[in-house]
Amino acid sequence: MDWSDIIPYLPDLARGFLKSIEIALLSAATALVTALLLTLASATGNAIVRAIVAAYTEIILGLPILVLLYVIYFVLPKFGVRFDETTAGVLTLTLYYSPYLAEAIRGAVAAVPVGQVEAARMIGLGELSILARIVVPQALALMIPSATGILIGLVKDTAILSVISVEEFAYVTKQVVSHTYAPFETWTLVAAVYWVTLALFETLMRGLERRLSRFRPKVEFH
Amino acid sequence: MPVSAIRAEGVSMDFGSLRVLHGINVDVSEGEVVAVLGPSGSGKSTLLRCLSWLTPPTEGAVYLQGERLGVAVAPDGRQSRLSAAKLARQRSRIGMVFQSFNLWPHLTVLGNITEGPVQVLGLRPGEARERAMTILETVGLAAKASAYPATLSGGQQQRVAIARALAMQPELLLFDEPTSSLDPELVGEVLDVIELLAARRTTMVVVTHEIAFASEAATRVIFMDGGRIVEDTLPATFFRDPAEERSRRFLERTLRRYAQFGSHRSAEG
Amino acid sequence: MVDLAILSQALPAIGTAAVVTVALTLAASLISLVVGALSAAVQLGGGPIGYALSRTYVSLMRGTPLFVQLLVVYYGLPPIGIRGQAFLAAALAIGLNSGAYTTEILRAAILAVPRGQLEAATTIGLTWGKIWRRIVLPQAFVTSLPMLTAEFTIVLKSTPLASVIAVTEMTYTGVLIQSRTYSASEVFLTIAVGYILIAQVLMRLSRSLERRTRRLRF
């Protein structure tokens, strides 16, 4: 087998790659918004709302994403709820990853010392100002490491959408493999592309974290 | 008749089934510097948190310049929780300095001090900066205006925290063990600032373990034990001739330790 | 919407498949533990080359989709003479993938043992081998136990991917039944509940271990 057999299919692979990125960005955005809503619901909602959020989180923690995808794509239509493949995929990624992201947000907010909030209260800042001006700027920096890990998982799981024929990277690769008969080489190349992309993403997020937490000195003052 | 700055009436506080404050009555007049002393767990810090309404008491009332704190009283006498905005407004009139500084680490020293004046009092940023710089001069930290808190020593951070409280031009200042989390050699610089404020007749309630400060700078000493005020008197009387057995024992213990290890103040010569 | 007759017909097959799912989870977890322990040991005590090897392994496994890793392993086995072993390929791929996370868990747990203890151990004359076996590893094992159990929950949740290489675990069996009977709701809701139940067992175990080891923290 020869690697050069893959070359004619590179444009197809590139198209699939871009589709994966598109799905990942869209899902990450909707998952973050949903996570924020979940956090707000469990922080301010009544007992019933909190119990629903907790149950939903517990279910997602135990449910494989592939099974969630099958439920959304194959089961919901039986109840009259029908989505096209891409929408089902984005919905699955959103529903699956938002509880994990909500936990990252909750953890970051909880990591802001309560004394800082009390100091802000004594200055007379309103609760919304305290959230916007004291808590959020710090929580953003604090949540980046855990959120990065979760979002990397989301990007990787876009590959699972190939089982319902979303024409993303892994799906296109499967098609290419059926033409080249070079499965090992093709999949290795695709793995390398994922690896480089995610390494780049991780570097970007680390840079963002440094920017957002530039108030923390590298060397502790004593 | 002196004007009451802050007054607690029958303030009790329960944590679960544990009563940590038993019907405290205390009235602090304008210009008074009150040192609150007492062993750990005597309820001093809880009292301060009730006075600032950070922990609303289980029973009793607090009045700021005669105005009921945290509670709205209707003309027919019915009481309800004060709106969040009104409570925030009342709190902005009380300056509070915490044991652990509680500076906002993502803002510079100047940012910490101008936050309240700009966001709450509505000062223009330029005005607030000017006010902040004047106060920073007073606490000796003008050179650190653009530094982030994490680059400052504990003593410097606490002085910034005092400056932050002062920038609101509060009617009184509450200090919750302001030197307890500082290294011994840094205590002096913070006490100097508090003494300077005392000399200017700033109304203050200072929960502290610093006997020297209480005897030299305070105009009144309150000794607490077991969630009750045991003694409320002049510093001279308290230190020379405490009326209660409990105060006497506390003083003996504290002064013995004091003689052994020396005052923090001696550290700076 | 939900046909109980179909469900009762499908249940024995799903039950058998659940056993495969559990077996795959156990096999992959075991591989994960062995590989993770080796990789952590090489990373901390294997010099610069060991460190670089371990870091690259971790980064590669975390930076590529398990889906892709599974296919690379599946198509990589026949050339080295192993054919038709979908279960083995799945256990290997999932185990190797999880091994990267296990590496990180064990590494953190080992580094969490205070250095002062090692110094104390050297001063009473313990050799390095004994320090590892008697001081470091017992503590690291206990502190990492809850995290490891949580990681094995994730392994369980990864096993449905084996369906893409036709391992007859729960999800693939579900797909097969569904394609024969068109009874998606009965089948997928049942296996969803199956996974949640197995995961609950693991998560409860993790939480109770967490409580116990917290009391046991030396």
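The letters A, B and C name the chains in turn, as written, and every chain counts its residues from 1.
Note that a contact is a pair of C-beta atoms (placed from the backbone, for glycine too) under 8 Å apart; a residue touches a chain by one contact, two chains touch by 3 or more.
Because the structure is a prediction, the values reported are computed rather than measured.
Comparing the centres of all chains, each the average of its CA atoms, the largest separation from chain A belongs to B. Here A is the chain whose Cα centre lies closest to the centre of all protein Cα atoms. Mean C-alpha positions place chain A and chain C at a centre distance of 21 Å. The distance from the centre of chain B to the centre of chain C, each centre being the mean of the chain's C-alpha atoms, comes to 54 Å. Chain A and chain B have CA centres that are 46 Å apart. For chain A, the set of residues that touch two or more other chains is empty.
Touching chain C in their complex are the following residues of chain A: 58-59, 61-68, 70-71, 74-75, 77-79, 152, 156-160, 162-163, 170, 173, 183-184, 187-188, 190-191, 194-195, 198-199, 202.
Chain C contributes residues 1, 59-60, 62-69, 71-72, 75-76, 79, 153, 156-161, 163-164, 171, 174-175, 178, 184-185, 188-189, 191-192, 195-200, 203 to its touches with chain A in the complex. Across the complex, chain A meets chain B through its residues 113, 115-116, 118-127, 129, 133-134, 137-138, 141, 213, 215-217, 220-221.
The residues of chain B lying in touch with chain A in their complex are 52, 54, 84-85, 88-96, 98, 100, 102-108, 115-116, 119-120, 148-153, 161, 164-165, 168.
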